[in-house]
């Protein structure tokens, strides 16, 4: 099993959700984040003073999947989040050793979905 | 002997007469006319200030009921529609509204407050009281076009409504020589003049702009309306309280007379109308949606206020309650109708609150006006009168609807034609604050602003 | 010769007499009575509007000092207790309070504003000024019962207090024939009539409801009080400023006379009382808790205002400061006492601010009333008077306490008996907004709402 | 025959004379003097209440334009500078300002409101109207010293400005015997007396305190100014609306006469000045920064209000617009200049809005005053007058600048010398709310509070 | 060492903290999250319009533990968060290679607690 | 590749960013968190009642790096966040199997920077 963590542009979340849905990946967790990457981004102005917004608003998505789902999950995220512009984001895949469904105590691959 | 008699008489008379004269000299008495001038000056400036504060109320309601990513834009709109509107009303609006009437259709003098010295003091007072009403009509629209209109085009709209559209409609009804005024059209504080004008402009704006991205989605053939919840209902509620507060200046100030004995009556009908509106909307939403809906209830209070604005002077407290109740029910039905049936996207319900309830309030005069209270016009249908007044009211409603739809329609369509009306898809997704103003309303707060 | 003399005389007299008469005809002068009617109409409607705005102040204070998951519920309560309260006061309340007195206990006429035409204008004015006071008493409670009471039962409570509990207490004290009024009980603007009534109702409500989940936890035998910090102290502070602002209408408006020369005096004592209250509470909290506590300081300002409400007219500015200082100290001690000792859970401190300080303010009249300023009643104990006035004040305090505790106790216990009073454990944990109103006050904001 | 003639005459005369006398007895008429007393009492208390509400406006603007980690501190400052300021103005301030003048420099009587009974009512009225002005001057500073000053030292500052610095400057200008007043210095509502005093105190405070940590960073030799965006622009905008609203009391109330026919004129110039200021600042920021900047626009509206405060009475509506436009441009240039060139850290722009525009407004009297409107002083340079008035205005501006800089400089430097002025580096980083008040303004909200 | 990540219902956080405390697990990190899972959840209404809240508020807990602590940590979380209702949440276990205590530069198992 | 997760004091974020910048680590993701550790922390008071703030505000930093960058990244974080006081925080290192740059579909070590 893998834990897939992706950082995307906030306004792309709905598209990504849509794509994941189409790929039958229904279970995700989302958090708010600030990201700093290649994208230097717009600069806000506040009373005429530039704010180096080198920390831009991002959305962090976490998805635990079985190994056979990894590819399609990545594809779905890219399909939803890709614009070709700097700032599109990253996907990180880390090993997931165990999953437990709190409600049923089920563990392993059955507990993921 | 006679001499003495005379002397006595003179002395006697002097005693009777002189004191009066003397006192009359040292301490001159106040005439009713002087007094009315003085009280009216105080009353209209205080009431006008309350109406001004309604700008804050509208700003809070609109910002609270929309998404955080567009907050700054809405605040700028509410601040600037007053600022540019006031300058426009100074230059053109006032003249068109209260200048010498050309056939009852529009005014033709007093542009740029070009006013003779002897009328100066009172005209200044009246201009101030009127400009805040003009601003109210203008700002009603900002909620309906929120989250997608370009800031620049909103400013252009603001100038038009404050300089021309509102003043001309106002001339018809509130200028003594206005063609509706002479017909006996009764709109005491502006259900039609202010609220319907704003409401219809909001309608036109919302239609021409089209809905916000993702507001109406087609799911297997059927169009579904999605909700975009407001980001701060606390401020929205604060806005409702501020509006209600300001409404006492709006309605009671419309006596235009600080010595009026009717000010109390108006405060009462205003209070009861608003309360009844809130109660009715709350109950209906409770039955319909299973839970008492906060934004419907708040709209209900505003609906009650708009509904009682025209009849506030002429109806009894009991009628005020009935009018408010119906207003509260109307607003819920209307919001649902525009959203679910017509699919016209009005983020804050401005069309329903101000347009629809403005009409209802205006017609209510024709139904509930007390024979002994209505000065301009005749008793209402349910109060022993006939349908005459109702007819006149309906005529006014229709005329104003036509005028606003045509003129504002032209403005918005023109702006659309030159591609200046609406922000781009991406700007709308990211929010107008970043793109239109380069600002973040709640810096540092973690917000799912894409929602 | 004599003829000439006569003629001269006549001419002379004519010159003296006629002009006066002529002018008296063309421009009628204003009598003191007319003037008072006119100024009082303006004054009470403006002051009443300020008092109305206090609803917004209460809403912001209460919402700010409680948790975000219950914000919508609190706003709905503050909006609707006014709306239903106004209708109840229209139907029943006013009649019980100001109708023809039955033995000084309650009024028996003018229900549904059934009022003769000749008294109409002034009674309308008075009803408006009174309804906002009734609403204040009602809304005080919403803070104390916040975060756990069912919305429906709160509405029922609101009807009772606005229709019966407040009006009857008000009748005793503010109806000229009220049994406390005739005894010379002096409560100028309502420390007892409004604030204690609200405060005691809050006490009863808080006791019957019981504390919020997790507010008092037993740690090895000892009950520990946990703090549930408010979610928006900025809005709480805004509410305090708005309340203070409205209080100028509340106190100064209670002259019930627009020509009163005491309005300025009242504004001064109100300002100084509030300031002293804030300073005292801040200093005490600074010493006690090591840091100047914001919510204690805000409560101190309100405590000063409540304390000066009864004596605002009758005491000197210096006394006002002393009264405010003591009020500010009292509120801190009282909040701690109710929380740490009695373990009565009052989320915003309403019992202490309105109940306790309401009593203090009422008694303060008996201590500090200036001989030359107190009309109804006698000079205060410290101002060369004896204890008579203090006794009368104490009697009133006791009677009102008993009346409110008994009647409101009955209402709340009944609601509890029918299991309608309080939300379920899970609803309380998740928050009332979702469960009672299906709403989220701050949609999109990331909040640890479980805290 | 003559007898009859006489009798006839007497009867005739009686008929003419008696009725008048009779009626004059039964219903006494109101004299102009009585009326003025009554209307002025109402007017100044209502206007004073509006000015009081400006405290809320300042609080919201300042809190909204600064960081969330310092919100509670700013609210405490705004609440307490009024509370302690009112007590200080009661004890000392009023006496120094309006007591018997010692050579036109300061007052020497009426400390602790020690006032003879016959003047009591009116002096109470005047004290209330004046204390809110004193509080305005005091609270202007809190924005400029925000996010770094120790709460305790801010309280000390507040006492000084309310007790001494403001009252003495006020004495010079608003006390009939003040040395600037006798010179014909015209500052109708306080561009200099209130706003410049506050603005210069803000300047001194900001300079002595130094900038916030990380505000100015040296990047390869060049000092760069970083922006610390405000955390709630919605509340900042609400504050601007509230301030604008209160300004109607501030300017129009300064007629000090409830029967004045100029109240309307003042409301008009105030409205147009503020609107023009907002428009000018918005346009300039749009051109300069490519986007219409919200906080510049808000400052523009306030700049317009400050600029029109002195000339509001004496100038025409058209001049008011010009004055406002220039004020709006000035504030943008000034904010940039203080930040980018002088590197003086003023978080909310108080120095520019109140100090600079206060000067502009004061001088504007010397340029635009209408010959027929200016009572105290002479016509403006552009209105057919010569430079006399401008000279007097400039003198006053200079004197007040010197007085404030010297006195406030002493206070702030002393506080700094005893290491009591500013919080520690770590406290500043973590925020003043936790460290000074042990509070969290937005408990539960996820905020990047380090930003 | 393992890194345990759990998603639970917000109103269960205090119970979970309690259970972890009893199991002598004192160090945890908590973040706010939105989750989408089997639980379709209530639908809010806004002016009478349904909001598909398919993203529900969740709490994300992160706990780094030594291997011998994994079981009791999982148990504690389940004890605190379990209601048997859909939406109870999930627990994810991922390998943790190294830990550093910033204050002391300590690394490895000693640095965890 | 490794995924480095660090919890630091909020007011240290700028220093850490600075140090990472100097170490030429430009890409990071930041989230807000509450942390419970040894540090028992100040107690807020609210109307005179203690609030056990055993959950203190923390900043969570996530950095994906190539193996040769791990050491300097850790050093940079410590340099920026270290005060020697309790509450300084922790750094967790977990294995990172794959990285994808959404914009370009690049994967592996090239995608990280």
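Each chain carries a letter (A, B, C, D, E and F) given by its place in the written order, and its residues are counted from 1.
Quick note on the criterion: a residue touches a chain if its C-beta (ideal position, glycine included) is under 8 Å from a C-beta of that chain, and two chains touch if they have at least 3 such contacts.
Note that the coordinates shown come from a computational prediction; the quantities given were computed from them, not determined experimentally.
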Next on the checklist: Touching both subunit A and subunit D, which chains are there?
Outcome noted: B, F
Checklist entry - More C-beta pairs touching across which pair, D-F or A-E? => result A-E
Checklist entry - Could the interface between the copies subunit E and subunit F be described as same, meaning over half of its residue numbers are common to both, or is it different? => result different
Next on the checklist: On a C-alpha centroid basis, what's the spacing between subunit B and subunit D, in Å?
Outcome noted: 30
Checklist entry - Distance-wise, how many Å sit between the C-alpha centres of subunit A and subunit C, to the nearest whole number? => result 54
Checklist entry - At which residue positions does subunit E touch at least two other chains? => result 30-32, 34, 44-46, 94-95
Checklist entry - Residues of subunit C that touch two or more other chains: which are they? => result 2, 6, 9, 13, 17, 20, 29-30, 34-35, 39, 42, 46, 229-230, 232, 289, 291, 293, 295, 438-440, 445-449
Checklist entry - subunit F touches which residues of subunit D in the complex? => result 214, 426, 429-430, 434, 438-440, 443, 446-450
Checklist entry - Which of the residues in subunit D come into contact with subunit C in the complex? => result 2, 5-6, 9, 13, 16-17, 20, 27-30, 34-35, 37-39, 41-42, 44-46, 48-49, 52-53, 55-56, 59-60, 63, 71-72, 75-76, 78-80, 82-84, 86-87, 90, 112-113, 120-128, 131, 151, 232, 235, 436-446
Item to check | For the subunit A and subunit B complex, residues of the former touching the latter | outcome: 10-11, 13-14, 30, 32, 42-46, 57, 59
Checklist entry - Which bits of subunit E are touching subunit F when the two form their complex? => result 3, 17, 26-32, 62, 64, 94-103, 105, 111
Checklist entry - Where on subunit F does subunit E make contact in their complex? => result 2, 5-8, 31-38, 55, 58, 60, 74, 77-78, 81-95
